[in-house]
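Working notes for the structure below.
Residue numbering begins at 1 within each chain, and the chains themselves are lettered A, B, C and D in the order written.
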Amino acid sequence: MVTDRGRTFASDNWAGVHPDVMAAVVAANGYHAPSYGDDPVTRSAEELFRQHFGDDAEVFLAFNGTGANVIGLQSLLRPFEAVICAATAHINVDECGAPERFLGSKLLAVTTPDGKLTPELVARAVWGVGDEHHAQPRVVSITQSTEVGTCYTVDEVRALAEWAHGRDMWLHLDGARLSNACASLGVGLAAFGSSAGVDVLSYGGTKNGAMGAEAVVSFRPSEASGLRYIRKQSMQLASKLRFTAAQFTALLSDDLWLRNAQHANAMARRLAEGASAIPGVHVAFAVEANGVFAFLPPAVTEALQAEYPFYKSDVADGLVRWMASFDTTEEDVDSFIELIAEVMGELG
Amino acid sequence: MVTDRGRTFASDNWAGVHPDVMAAVVAANGYHAPSYGDDPVTRSAEELFRQHFGDDAEVFLAFNGTGANVIGLQSLLRPFEAVICAATAHINVDECGAPERFLGSKLLAVTTPDGKLTPELVARAVWGVGDEHHAQPRVVSITQSTEVGTCYTVDEVRALAEWAHGRDMWLHLDGARLSNACASLGVGLAAFGSSAGVDVLSYGGTKNGAMGAEAVVSFRPSEASGLRYIRKQSMQLASKLRFTAAQFTALLSDDLWLRNAQHANAMARRLAEGASAIPGVHVAFAVEANGVFAFLPPAVTEALQAEYPFYKSDVADGLVRWMASFDTTEEDVDSFIELIAEVMGELG
Amino acid sequence: MVTDRGRTFASDNWAGVHPDVMAAVVAANGYHAPSYGDDPVTRSAEELFRQHFGDDAEVFLAFNGTGANVIGLQSLLRPFEAVICAATAHINVDECGAPERFLGSKLLAVTTPDGKLTPELVARAVWGVGDEHHAQPRVVSITQSTEVGTCYTVDEVRALAEWAHGRDMWLHLDGARLSNACASLGVGLAAFGSSAGVDVLSYGGTKNGAMGAEAVVSFRPSEASGLRYIRKQSMQLASKLRFTAAQFTALLSDDLWLRNAQHANAMARRLAEGASAIPGVHVAFAVEANGVFAFLPPAVTEALQAEYPFYKSDVADGLVRWMASFDTTEEDVDSFIELIAEVMGELG
Amino acid sequence: MVTDRGRTFASDNWAGVHPDVMAAVVAANGYHAPSYGDDPVTRSAEELFRQHFGDDAEVFLAFNGTGANVIGLQSLLRPFEAVICAATAHINVDECGAPERFLGSKLLAVTTPDGKLTPELVARAVWGVGDEHHAQPRVVSITQSTEVGTCYTVDEVRALAEWAHGRDMWLHLDGARLSNACASLGVGLAAFGSSAGVDVLSYGGTKNGAMGAEAVVSFRPSEASGLRYIRKQSMQLASKLRFTAAQFTALLSDDLWLRNAQHANAMARRLAEGASAIPGVHVAFAVEANGVFAFLPPAVTEALQAEYPFYKSDVADGLVRWMASFDTTEEDVDSFIELIAEVMGELG
């Protein structure tokens, strides 16, 4: 049932590498260049980051999303301080405790209706300030787009930043799928940079057509952040960094980041629309990025998974997650909708 | 002065990617595959690792050498236990304190004449056993080939393993350049696996023609080592792992690992011979892998570096390091020797 | 309003030291003795611990409750493993993130109706087992008596231990007020040792009349637990340990631990009964140890606190906490009840 | 052979508690007082600290020396930064790796002739500044008096502070035996405070007649140091803090700290003079505090230890350590000298 190129809706990291990204990686080869980022490809990538995120952006390329989150957060807090995040946050449920381990800090996880924090929700988690027995809230961390496929508007992020900054706190943004959010909202990447009050963010390439390329973008002075050293000590500095950088030079040129994200988002919407029309399928969250979350009868989930791999969501019983990628086709979507309808007809 | 492709003797990580490795990366693209290693390319790589290192080898692919060392060591000791290593060890001087930070353990650094530990040297660092005030020695960590370009023989490693195992200690091997050592000694990779008493090793691809691919090879049962979880929590698990794995399927097929290493070693020997013949140049250590360490007058070093980048060594004043790569040519070597001779003639 | 000796219901750690404990401390003085526990007083204390907790008990004296909890837990899990505890647990809310910082582990906090975990509640927090992206549940940690003044029965603890052990997990017990629980239940301290399936516990002296004396009691072999080294590395080993030990020789002799706890419990019950009888005062949890939790109108709380210090509880809005101590008198209780009644009459 | 009160020269922490200190502890009992330091005894102690160390001194009482050192250092550096200390430093050899574990930082241990760092010695350990592969030197940590019984002069400390501050580094002082140094040098405690450029110090009570009382004295603003939270998270905050504080109110009143230290120092000098006069006994370091280090023939050491416990020193083969305490008597010294002479006569 799976397509001839194995395409499924399991995860956007099941997809391969966009051809333009691969071409850039290949083009970065064939010569010697200084290691650890002191090379022309990395400098080009950094320049592109500044073009997209603003001149005050400092960029530290990293290996993976967990790494980017952990080093970005490390630059913002001390071990006796705490991070407030949604209970559904990747840092809270999908990183095997890496944040606690490497920050030494407590995560204060907040239950949300839709994966999104608000000043009101954050405020409830902030207590014990000034009391040495309590981990001191210091960073609000949000995910854009969220782990349940919703997006913060620019105003929502700005409101959180203002709330945080007014309390001597920082705003961190896990942008593993920031491209999808920006594509969905019709704004540039800088919309979620310092102008929105974000202090440090992770920008993900991997889920948007890269091979394995993430970046920490910091809007604080590098002497204060210590990120150069944090990245190295946290084992996130590649020696042949140009091959990571090349992935970003491709993504950040000619709007490839945007086109990939727009396409994935459109495929998710197409899937959501088609699936919603099937009696018994209930789409759970607004489809604002490249993920669709739906409630299905357990027997249907099982039968579908047997033919077409995808994951159940941890968020609720009966909930499943379908992710679209840069290379998902309309045929992939339509044939999957057909399959869902068929199985629902039999077992739903 | 630098070659048209920028080749220098600065570091084997200034080289690019071997064409066969790049071809394997490209070939791993174009389709969806399960992430985090549950894909056919990773399985092939794991199978190749077992062919080379033995059936008892468990393999955990990682991003970089620091990461591979830190997660391998994590599987062997608790924070109140200590690692004994040479003072020159990469884990001691080149990882920004990552081992201390992520192991929580003390490194007991031992001064050596040639970058190599011996049971006698290790024994001097082992004291306070059973005394709760002292970090308890638990792991001996050696680097093969060493940071000063020398190699342990198989017997030397076995002697260290026996010494360690006789005291309820483990032997860890940092094999960032294990290929070079095996090429130099004329043995297979398994020679430094469990048959030599090594418990966990890092095997490096990056410095031998890969883009960025390292592996932890463990000879202990995975339930005991916990390496699956350690790798994830330590931020060393790639989502699109097949692209890391593909680099190893190339290196470990058709003896590419060996050919690359043999070539680099040969170029280093050629350089050492040529340089030794120049009056005033003193090669400091046996050239048993792909690195040459030489004493030069400071003015000569400076003049050479102005035309041809390379690093001074931390090991001693006046010492410089030259590294050969898989793509170093005889012309590169010969013209560099000529340059050295010329500068020595003027300033030496 | 506060008594002439300053006695309040703020906390059992506002009380001083029981005279017999102080006498034992004084008696331990006046001579030289080996440090770090190799002295006769410490040996006596250890012997008393074995008499009370069983011959399989290994004892490690520590400074404070946070320290005892953190080192006990350290002996049970690795950083990629998680601790399941009640959301109200001291380790979760009152230790400034020390567990996360020093274990490197995630705490999985479970909401409970009464501060008590059950196998059913724990089971809901156990998921993602075998999935490397999730911190692996490894320890169930309970508090006896709980932070809201309730007690586990022996059977309840045994059920949790069986549940945990059946899943290759451990049971940890924070017994900062274990004496109060045993006094309340009419059982000896060993009732919550290995016979109940507890693997490691903290036993608190400080809140029961000591000056500052806590102990980790482990029922696992010391080679496996590593507790000797963990205690030292975790900065919980006193040099003049005999003065900590002496506090326990007093408490564990002539049933002093029991008499102190029985008295404090009785005073709490007296207070609860008296307060309950006042219209508008609602006692929130079963008073099974030395703490009383009650809902009061905010204005009443404020007026009372102005005369008689005590704490609001984090557990719910409007909830206050009153703790009785070994030296609380019936007069203290009765005059406080009178005050509550008076203020309720005016402002309630 | 050991005295009737068990007095030996094994360690100053084998001694008990000075009667005045014990009296202060007893006097702090008998009433309720707020916990965690919000009590009158702690406030008195803090006031006395400011009288002795200067008005800019912020004081955080702690349990033990390892704890005080680790929390003081934590306030000064981040994990990617390093501490430079003497190879003989307590933090390097006697704390079971607690500094590495809880700072996450590297210790750069420097070999010294006499336990004392100098700007020249420190300078040699400072390299790789600005290079992300190296832990960045950030703190110079000295011990006063040193672990081999020598003292820094005020000028020597000031020179180190100036050197450090000129390089954006801090000066930490482990003053477990600061009283002995001040007594020896004839200066007040403030001589090694901010006027000498010390940024944070540990001040030890335990080895000078307390039961178990150490303090971190910081000359930096508390918002920057975070020490309130660091102390709690690092498990060094006592609930009934008044009983720690009382030990310091005794020591810091009526010059008790000074009298105890002067006496111990005098006893050490008497022992050194007597022992030096015995042929074959070689006193190794200047006796500037309360410790004597001497070279003895191994057989003599063994025979002496059989009658009178003391420790061999790790510093060199054949070296032994004898420590005098506040309660060492002239008779103790003289009879021990006699014994040494006797055994040397037989076996030397």
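In this section, a contact is a pair of C-beta atoms (placed from the backbone, for glycine too) under 8 Å apart; a residue touches a chain by one contact, two chains touch by 3 or more.
Note that this is a predicted model, so its numbers are computed, not measured.
Peer 1: Among C-D, A-D or A-B, whose interface repeats B-C's (more than half the contact pairs identical)?
Peer 2: A-D
Peer 1: For the interfaces A-C and A-D, which has the higher count of C-beta pairs in contact?
Peer 2: Taking the two pairs in turn, the one with more contacts turns out to be A-C.
Peer 1: Any idea how many Å lie between the Cα centroids of chain A and chain B?
Peer 2: Chain centroid spacing, chain A to chain B, equals 33 Å.
Peer 1: Between chain A and chain C, what is the gap in Å from one C-alpha centre to the other?
Peer 2: Comparing mean C-alpha positions, chain C is 42 Å from chain A.
Peer 1: Can you give the whole-Å distance between the Cα centres of chain A and chain D?
Peer 2: From the centre of chain A to the centre of chain D is 50 Å.
Peer 1: Residues touching two or more other chains, restricted to chain D: which are they?
Peer 2: Where chain D meets two or more other chains at a single residue, that happens at 79-80, 95-97, 101, 104, 132-133, 135, 229, 232-233, 237.
Peer 1: Which chain A residues qualify as touching chain B in the complex?
Peer 2: Against chain B, chain A makes touches at 2-3, 5-8, 10-11, 13-17, 22, 25-26, 28-35, 63-67, 70, 95-98, 101-102, 206-207, 211-212, 229, 232-240, 243-244, 309, 325, 327.
Peer 1: Please give the residue numbers of chain B that touch chain C in the complex, ascending.
Peer 2: Those in contact with chain C are residues 36, 78-81, 104, 132-133, 135-136, 226, 228-233, 237.
Peer 1: Tell me, which parts of chain B touch chain D in their complex?
Peer 2: Touching chain D: residues 79-80, 82, 93-97, 100-101, 104-107, 127-128, 132-135, 314 of chain B.
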